[in-house]
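Across the two complexes that follow, subunit A remains constant while its partner is subunit B and subsequently subunit C.
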Partner chain A sequence: MNRYLKLVHMEIYRFRIVLLVLMGITALCQMSALIWMLKKALSDLRGEHPEAGAYFSPIPLRISFEWAMFNTQMWFIIPVLLCISVLSLYVFFIWYRDWIGRNAFIYRLLMLPTARRNIYLAKITALLLFVLSIVSFQLALLPVLELVIRLVVPAELRADSHIIDIISSNQALVELIPRQFEQFFYMYGAGAVIVAAVFTAILLERSYRRLGILYGLLYLSGCGLVVASPILLFGTNESVIYLYPTEIYLMLLLLFLLVASASVWLGMRLIAKKITV
Partner chain B sequence: MIEVTGIRKRYRGRDVLNDVSFTAEKGELTCLIGVNGAGKSTILKLIMGLTPLTGGTIRIDGQALEPKLYEKIAFVPDHLTMPSGMRLSEALRFMADFYESWNEKRADELMRFFQLEHSARIGSLSKGIAAKFNLLLGFAQDSDYLLLDEPFSGIDLFSREAITEVFTSDLMEHRGVLLTTHEIGEMEHLVDKAVLLKGGKVSLSFHCEEMRSEKGKSVIDVMREVYGA
Partner chain C sequence: MRRYWFSILIVLLAAGGIGTYYLIGIRGHLPEYIIETVQGDTKEGAAVVLSGSHYGAMRSEPLDVTTEGSNYLGRNLHLRERLADAGTWFYQDLNIQQLLKDHKAFMRGKNNSGGFYRDAEMVIYAELSTSTRHTNAPYAKLELSMLDEETGKVATFKSIALDEPEQIYNIMNVQRLDNEVHILFRKYESHTSNLAVYAFDSGTGKQLRRIDLKNQLKSKATEYNLNLIANESVSKPSDLIYFTYSEGSEALNRKNYAYSYRTGKLSELSETLWGPDIGGFFTYSLQQDQFYYAEIAPDEVVLSLYHTKTKARKRAYATVTAKQLGVDEIQSAQIQKDRVYLGLEKAGVKGAAVLRLEDGKLLFEGFAVQASGNGQTDEEMKRRLHLNNLVIEHKLKD
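Right, the complex of A and B next:
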């Protein structure tokens, strides 16, 4: 196995417990919210607790997965937000954890007999894999949640739902799993570009320390300005923009590619030539 | 041979090192001596590419430092460089995974010699045990050169003896060792060449045996003259 893959493996191994805890919290939140909501809805349908209906949208005669998803929005959004927050913090911690503490691991990483760009690439690959594994876990959880519905709701009170309708009925899933691959690619691609820019800012700080904080902030502001430049130049009023939407879209794509290339190039250069421990 | 030629390092507006030149040969133990803040550790970091050079050149067997040379040159900093949560067995696995020059048999021998437990966590090691394991990570590589930063700092007498024993063993034969220290004491009889640093410059560089035979001075005598103590 080449050293890049070994480094990716190591980064995943170091984060495995947090990743499993996040998945556990997601499953627990969503499953318990679903069971609680289904129980309430069933008792309402049977006329045991008429006030229960106040919590949800009107209960249909037959409960579907789609309806259940629509009525447990919050308990899907909370774990999703938690995962996003933890992963966002880890974008910083994935670097700083190697510097902090008594035993600075960065010494060892920088002295590995492999190109230093592999350290950078392994960290960004690991983060991408964490995001994708959480999204995959969420998708894999859906059939389990459907099984929960089958177990809790009797067949005569249950209606079938299509997977697309299930995802569309829940705002968290709509954002997390876009319906078209193109949208998925753009959304997660933009996320990867932001991570690359932040990595470069962190490496600027690690290379130039106090002055590096300023360089990092300036770099991030510069990246923000570059990708926002079409909006700054042309505004948002489509009727007065003399470019076709496809042209603006192409321009944005190129600007994102420019920021991604600049960030990766600069990041790799910093870790190879300028980093200091 | 490690050739350090006219290196300079500027840090936070201050010249930490200014025109430092010396060589460390294979099969010799070269000692960088200086008071705290003399720039000894910085020199080792510069050789290992852990901080950028401001000026000058460093060559290892005639080559500029590149990643594959990390198989040839091992560095033992003054602290352990493995994550606190790792077990010693995991750290050994990590080294075996990443270094072709890692010698597992020697690592096992040293684990037994230093009486280290595979299951212990790095974060729970005492200072002496951590120092022994730190040295093991350097010694168990089949490298041509070994750089050691203050290997005896804060270590008890018995641990020092155990470590000194390794220096006199065949483990160190044919290797070039470059170490820094501000306490030459128990190392003096092992040192082949001394490089005395003062104010970021090389004050004096000499072969200890020649100094003893020609001028009748020990390293400590020369240090007294140079540092005026």
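Right, the complex of A and C next:
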């Protein structure tokens, strides 16, 4: 356990700069866009006629965070997309960076006096922590941005907004932060299963090199087929599905669990038995 | 420990931010509402759902309000609820709920509510299987499943070929007469829809005969609508079925027809089921041989009954006025089972009343009120809460 936690720490530490930069860009982008929008809206409210099409929705008599968020869509979406892109690339880079360079770091990692599965588990844990910490950072940033609104907009021109309404006003945030924790669990759980499957495909490639690329692609297709099997078996016509809604739900959970278990088991087996340096 | 501070911070941030949001942040987002009983028994209002929207500053949230509280539909946007909602309308039917309770294995994969029949001995399910592949095989084939309720034995006839299968569209009604199963199909012929009854041998599944209803219509109008008046107990035996008939796109010359499965005859009724002296809006419910109808006006609801077998009519056997209910307006009415459900409005607040169908006695009256208001005043509530639909959702008692 201790070794596993140390490996997790090591992975987090190696990514710390990127993580901090991503958070910084997000905060800077969103805060400056918000201040710019508020200043513009305030001057328009104070008598100057706003340009036609300057806002997605007309300026209300009292400005709310919900309205401001709705009218600064892109400046909130761009850093979110940037974070998603960087983390998606890092799913591959978290492994390949260990092989890159003259003195490949993977030699030292695999020689550590601990079970090799800890390397696999530490990488997947670290990646999940990166995703969750960026989501949390975005959530924590919202009250800070609300404070900015309080500082910029006078009380008589300001209306309160609930955090759910603020999130619902943004097309990216509403998808990333569902209203129900249960849906959050399904979404990010499915994401974790996909990461585990990709990790296994990467380890197949590392184990069998050129042939491993084919194995990896076949493995990912296999995982996709397993998850899509209900649609392939029953079709999209619900009248011929012989399962009740609860059974369909349980079947989906089981299929994802199956892919997750197979991926983790195969990934840990590959790193323990197949990968040689 | 000091060297791990960044990792600890990341873990705390990940858990703390998401945890705080879902535990505290999402609280108090929208005001909660409830239908508060003003008169009568709250249990009588259990099936009442006032459906509509709560208007926020920039968007509206769809919601249902019942005697138990409010349910914002946007809150349940998760996988489990979405899957459970897939067949909501089908599973809301009390007959279907009963069939599911009694014969869960038989009901598997059966979800065409018009295809069920049930009597004291048997449950029959008819389903069309249509092939979209371009082969010479007939487009539509019929599948008949028959369950003997006493023995639990299921007889299934698959791929029963139908004549003129390319015209068959859907199943409207299923009945059993002695050893025959009669099925009313809607068919499409040269851009118009017609109805046809096919009779099958319940022992072999073989088609015995076909009766095209259009051949028995007296009118020779080219453009007409012949629609089944659904019996409320769609899965209960009924030898006679009734239709509304109208001509042209403006639904002129409205009349009723009755079809007897036993004789195979379609006959025009001498007067409409709702009688000659009806005007304005009305709603109806056919319950076996009894045709109940309610005329709806803003100031009153008038209940009448026509017995289809004896031809006896009890015109205006009960009248309930808005004044009696203490409301400004009666906005809608629905007859279901042995109750009449009314949608009401009083000083801008929506409510509902439940009457006994037999005599119009008031059993329940209630209005939407705030259960927890988010600091919202009554005026704000009236401005934001728009409950425009009255929906009746029965649940099978355990």
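One rule holds in what follows: the second predicted complex is superposed on the first by the 269 of 277 C-alpha atoms of A that agree within 3 Å, B and C clash if a C-alpha of one lies under 4 Å from a C-alpha of the other, contacts with A are read in each partner's own complex, and residues count from 1 in each chain.
FYI, contacts are C-beta pairs under 8 Å (C-beta built on N, C-alpha and C of every residue); 3 or more make two chains touch, one makes a residue touch a chain.
Bear in mind that the values here come from a model prediction, so they are computed numbers and not experimental data.
Once the two complexes are overlaid through subunit A, subunit B and subunit C fit side by side, free of any clash as defined at the top of the document.
In the superposed pair of complexes, A:I163 makes contact with subunit C only, with no contact to subunit B.
Of the two partner chains placed by superposition, only subunit C is touched by A:R16; subunit B is not. By the touch criterion defined above, A:E182 lies against subunit C but remains apart from subunit B after alignment on the C-alpha atoms of chain A.
Legend: residue contacts after superposition of the two complexes on their common chain; A:R108 is shown touching subunit B, with no touch to subunit C.
Superposing both complexes on chain A places the Cα centres of subunit B and subunit C at an angle of 140° as seen from the Cα centre of subunit A, in steps of 10. Once the two complexes are overlaid on the shared chain, A:A155 sits clear of subunit B and of subunit C alike. When the two complexes are overlaid on their common chain A, residue A:V8 makes contact with subunit C while staying clear of subunit B. Set against each other, subunit B and subunit C touch different numbers of residues in subunit A, with C touching more. Of the two partner chains placed by the overlay, only subunit C lies in contact with A:T246; subunit B stays clear of it. Think of it this way: put the two complexes on top of each other by chain A, and the tightest Cα contact between subunit B and subunit C is 11 Å. Within the complex formed with subunit C, the residues of subunit A that make contact are 8-9, 12-13, 16, 19, 57, 60, 64, 66-67, 70, 129-130, 132-133, 135-137, 139-140, 159, 161-165, 168-169, 177-184, 186, 238-246, 248-249, 252. Within the complex formed with subunit A, the subunit C residues making contact are 4, 6-7, 10-11, 13-18, 20-22, 25-26, 28-29, 56-59, 74-80, 83-84, 86-87, 108-109, 111-112, 127. Residues of subunit A touching subunit B in their complex: 3, 6, 10, 14, 97, 101-108, 110-116, 273-277.
Across the interface of their complex, subunit A is touched by residues 45, 48-52, 67-71, 75, 77, 79-84, 94, 97-100, 122-123 of subunit B.
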